[in-house]
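What follows is a pair of complexes built around chain A, which joins chain B in one and chain C in the other.
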Partner chain A sequence: MVESKQQWKAWLYLSPAIVLLLVFTVWPIINTVRMAFLEDYSGLEAIGGRVFTFGIGNFAKVIKYKSFLKCLKNTVLLCVPTVLVSSFLALLIAVCLNSIKPLQKLLQTIFFLPYVTNSIAIGMVFAAMFNIVGNLGTKGHDIIVTAGIINNIIEFFGGHAVNWINAGSTYAANMTVMIIYIVWNALPFKILILLGGLQSINKQYYDAARVDGTSRTRIFSRITVPLLSPMIAYVVITGFIGGFKEYTSIVGIFGESMGPVHDSGRLNTMVGFIYDSLSRNRQGRASAAALILFVIILIVTLINLQVSKKKVHY
Partner chain B sequence: MKNNTVTMHERDMQKVSVNQRIGKIIALVLVYAFLIFMAIAVLFPFYWMLNSSLKSLDEYRQSVPTFWPKKVLFSNYATAFTKANLGRLFMNTLYVGLVSTILSLVITVLSAFAFARLEFKGKNVLFAALLATMMIPGELFTITNYITVSNFGWKNTYTVLIVPFLVSVFYIYLLRQNFLQIPNELYLAAKVDGTSDIKYLWKVMIPLSLPTLISITILKMMGAWNSYIWPRLVANDEAHQMITNGLRNAFTETTGDVNYPVQMAAVAIVSLPLFLVFVFLRKYIMKGVSRSGIKG
Partner chain C sequence: MKVVLQNLTKIFPSRNKKSNEEVVAVNDFTFEIPDGKLIGLLGPSGCGKSTTLYMICGLQKPTSGRIFFGDDDVTDLAPENRGVGLVFQNYALYPHMTVKQNILFPLQNLRGADKPTKEEMLERAYSAAQLVQIDELMDRKPSELSGGQQQRVAIARALVKMPRVLLLDEPLSNLDARLRLQTREEIRRIQRETQITTVFVTHDQEEAMSISDMIVVMKSGVVQQIGAPQEVYDDPKNLFVAKFLGTPPINVFEGRVFEGILYIGEERILSVPGADDGEVYVGIRPEGFILDDGGPLHCKLSSVEVMGRDVSVVSTNPFAVSPVIRSIINADNKVNTESETVSYSLKRHKVFIFDRETEERVYFEV
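Moving on, here comes the complex of A and B:
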């Protein structure tokens, strides 16, 4: 009696969530797979009564597509260095933070600050910092050009100014700006997780090592890193998952043209490719690209898990 | 003689400990230098945003940058506010954020309660299936959801910004874990007393899991504040535009000759609420974030 009453009550409470999930989660999974395997599927033409044949043409086309390969290359080139650099820096910062007492709380707060920001808005600030400042003489006014604050700093230390994001800038310069911004953006989450992990390591390990007169570097490589390895693995895996979906940070700096003025679309990514196909009403192609993205993320995660199985000490 | 050796030995020990202490101090100085350098690197964009937003355009364009405006100009903020129509954008975003947070909390609480306290057929299978959907990247859903909401005639409405994201499997999971920690005896006792489920939820479960609910609320509100891709696809008209889209659309140029002081003022205005949340509710965000890894 009580059992059966609980049955219908449970389904009643779950009903709003289930209805919404069926419409906006389960159906999309089915439909996206369906569209991906219908040759050249387009929503508009489907309404017009066109019938699509089953096949793997979308995948073949997407993979052969030059712009897709460019997006894939951009995504990988942005993802791999940013994950490695930000994880390493975050580990270093977390270990240093954990070893000090005065100012620890204040610095910890500062390092978390970028997390609570709008990546489009702060992207605009980075664009301002890397931009060349002034009237470029296009409207016939006085030409007052400074190289921008980042270039000012570089010149102060004796370097040469770089055209980072303006017309005529190089791909390498654009990517450098993106990597700096993405690392800046990725640090807070990683520091938070790693510092939390460090603080939960039992102090007895360190006391024992100190009694034995173990050196600092040895303590770090033999105690801290192994005991922290689950957290490091977590940070790297989530970093890769997020990194393969990079999109808005580029919109923040370069705008929706996804590249400098003379070469728009230069920095487009996998997610950008999906949305471009979608806005051109090529749902079949977009679905195929989304499935490829999903498979790549899955493979990278599995590789990461395999590696960490050997290296991680739980 | 014997005495002497002892003092020699002691002197050696002292020497070692002095060396150790010097090493320690150097290490500490390096650690602080590194941390403070990184902290400056983290803070610099915020400082540059504020500094630029208070300058006149002429001062901003000077060939030698000033690190504090010679003449503090607050008018940039007024210009930015009207130029980007920020008032309207604020109201839109606040409305969407509040409604979706409230509805999402109701759905999450009911679902988490069912999973944590009630027995029903297929419970574990259903819960596992829900968790499995978390692995799929959101872009995969977006393609079909775009078609679905177009068919529903929801484009350029508030509904389209609220309804598709009401259920978060992660929030259900988070709250279920919290509910499970509350002893079942309390529920049974309440049942014996004839208390209804809703009353029990309201009087016992919700107060006991308030920190988790606050974390969910903040993350959900931040999600509305930072959402960009979905609103751009489905509701980019002036009446329903969200704050991030409005900001990006109002200042399309990023390079070349741009009026950055006004642009930076707009960015500062958009960042201010997030900053306030950070100052006052940091604890809850950190708690929610460290268990999720989800940004916004």
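Moving on, here comes the complex of A and C:
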């Protein structure tokens, strides 16, 4: 126990952190809730002296917006499959990496590189890779020139170039690119965590399993996965939390229009919706959307924790 | 199932690429373990006893030499095809499985015709659990068990697949002193009941002596002596074995043999007919001293420790290799604690002499 005379010192030393937290975390949270429950709240009009009444109108409006529902759908479609696929792939890669002895360090570094690279930069590279350039033909004599490496590969194997992200591309093609990009971008962190977990598993469990003649698949499913389950749970839960906040990856590929040229906003997400509302000075609506997002993440995390209670062995 | 080790050698390549120092963990080990016996591999850490165990088990491949189980050459067989049960030093129980699942695990691994039905598996698991007396703990997790109970689960898991050979790696080192005594009796009982050839590794000579049918004393990869515990204790082949066995340890003096007489310093200690003249080490077991005022060996008395049945007399002698000499005397003999010196005569069969150079035993007629 700190003696009471010394307590002011403790508070003094804590004060920088406390002040920063109060100003930049606690107050914004309170303010968000306040703005969400003030009808049609707008920062500019508030400065102008308008008084807002209390109500849940913001929530009602947000839910009725078609664009919001579209954002919600995009977010879920981008989040759920990418988290599951990337977690599973990361597990496989981590297990493989862990069993390779030569060049392990080099491979580890290569797999970790995407993590230290700016995601906008990666997005631009992906945009270039999936690019398809122009229709150079005249009427009736279309010559499609492709410049992206992906389409080059597809054509090399005799397929038809796909319009992935350019004007006229389909929603399915856009989503495919986004899912590939997000999975790829999510892998390094997950591999790092899972590899660390794998390396901390006592080797004797594997020796014991070998003496007992356990097959490789059984070692994986009955020993590796259960012993790694706390890490897997961590990776999946944080994956979902991050996944629902998806935004920058889409900006990286499609720019701030959040969609291909002919249909901007097609790939907009929840966070994108919040930003859009903010930039139109609809702070009340943005706050309401933010709270809805918060509740969704909360529910998903609670479900995750509930599932992991049964499946995770600490 | 008898186990034959033939010229077994294990050389670990050097880790450091610059120096080409190889580590010879086990050097030319030849031994036939009789069927149904309990064998203790004994030696200080780093002597190659665990490596030997892992080679018998198949987790490590010998550099040269062969291993036979009965008449089968198992040297190139993978561990799972050898039919061995291994109990690890820290048990390696799967922490996420219950005791029952842990014991069932090796059975569920069996494939093809060997695979028992579910009922058979359960039956075998329960009979293994009964053997080690943990059948009431079947639904607990390993973390909810004491060290001794975990040890039993590990033994049950090793026994459930009915191995041809049971291997125990430092089975008692993680248990407290009281549990250690209890568990070693238990291991003895289980081994007797199952009649499975068992090899266990330990650095604790008392542990090895108390339960083994035979002990193998090893030092830096080389087998020093093999035999029944009492035999090895009473007739050590060299100074290392003599020093390694026995608590309190043997007392070693610098001495010499001249014309059939053993001298420590200037004192004529014992007649040793048949021993060649020369500089020697003299080893005297603590129980080899007899309090005798007219005895030939004089030591400076330091203290007397009463242990109930026995008295331990601590004394010093300028020619002793160890700082103090410890003798065990029956408590009926009164030691004069006022006196500055203590005199002993010796029991001939408790005195061993070793060549000063080679440290090999020099035999004399007892």
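Here is the rule we go by: the second predicted complex is superposed on the first by the 297 of 314 C-alpha atoms of A that agree within 3 Å, B and C clash if a C-alpha of one lies under 4 Å from a C-alpha of the other, contacts with A are read in each partner's own complex, and residues count from 1 in each chain.
Everything below uses one rule, namely that a residue touches a chain if its C-beta (ideal position, glycine included) is under 8 Å from a C-beta of that chain, and two chains touch if they have at least 3 such contacts.
Keep in mind that what you see is a predicted model, and the values were worked out from it rather than measured.
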Exercise for the section: Sticking to the clash and touch definitions up top, decide whether chain B and chain C on chain A clash or fit. Expected result: fit
Exercise for the section: Name the chain, either chain B or chain C, that contacts more residues of chain A. Expected result: B
Handout entry: Partner chain in contact with A:Ile63 - chain B first, chain C second, else both or neither
Key = neither
Exercise for the section: Considering only the touch criterion stated at the top, classify A:Ile303 as touching first (chain B), second (chain C), both, or neither. Expected result: neither
Practice task
Once the structures are superposed on A, label A:Val295 by its partner contacts, choosing first (chain B), second (chain C), both or neither.
Solution key: neither
Exercise for the section: Check whether A:Leu227 is in contact with chain B, with chain C, with both or with neither, and answer first, second, both or neither. Expected result: second
Exercise for the section: Please indicate which partner A:Thr214 is in contact with in the superposed arrangement: first for chain B, second for chain C, both, or neither. Expected result: second
Problem - Per-pair minimum CA distance [chain C against chain B, superposed on A] in Å - result: 7
Practice task
Could you pull out which residues of chain A sit against chain B in one structure and against chain C in the other?
Solution key: none
Handout entry: Complex contacts: residues of chain A adjacent to chain B
Key = 3, 6-7, 9-11, 13-14, 16-17, 20-21, 23-29, 31-32, 35, 43, 89, 92-93, 96-97, 99-100, 103, 107, 109-122, 124-129, 131-136, 138-139, 144-146, 149, 152, 165-167, 184, 187, 189, 192-193, 196, 216, 234, 238, 241-242, 245, 247-248, 251, 253-256, 260-261, 271, 274-275, 278-279, 283, 286-287, 290-291, 293-294, 297-298
Problem - Complex interface listing, chain A residues touching chain C - result: 202, 204-205, 207-208, 210-215, 218, 222-223, 226-227, 229, 313
Exercise for the section: Please give the residue numbers of chain C that touch chain A in the complex, ascending. Expected result: 57-59, 78-81, 84-86, 88, 90, 92, 94-97, 105-106, 108-111, 157, 161
Problem - Partner chain A, residues of chain B touching it in the complex - result: 27-28, 31-32, 34-36, 38-39, 41-43, 45-46, 48-49, 52, 60-65, 106-108, 110-111, 113-115, 118-121, 123, 126, 130, 133, 135-148, 163-167, 169, 172, 197, 222, 225-226, 228-229, 233, 244, 247-248, 251-258, 260, 263-264, 267, 270-271, 274-275, 277-278, 282, 285-286, 289-290, 293, 295
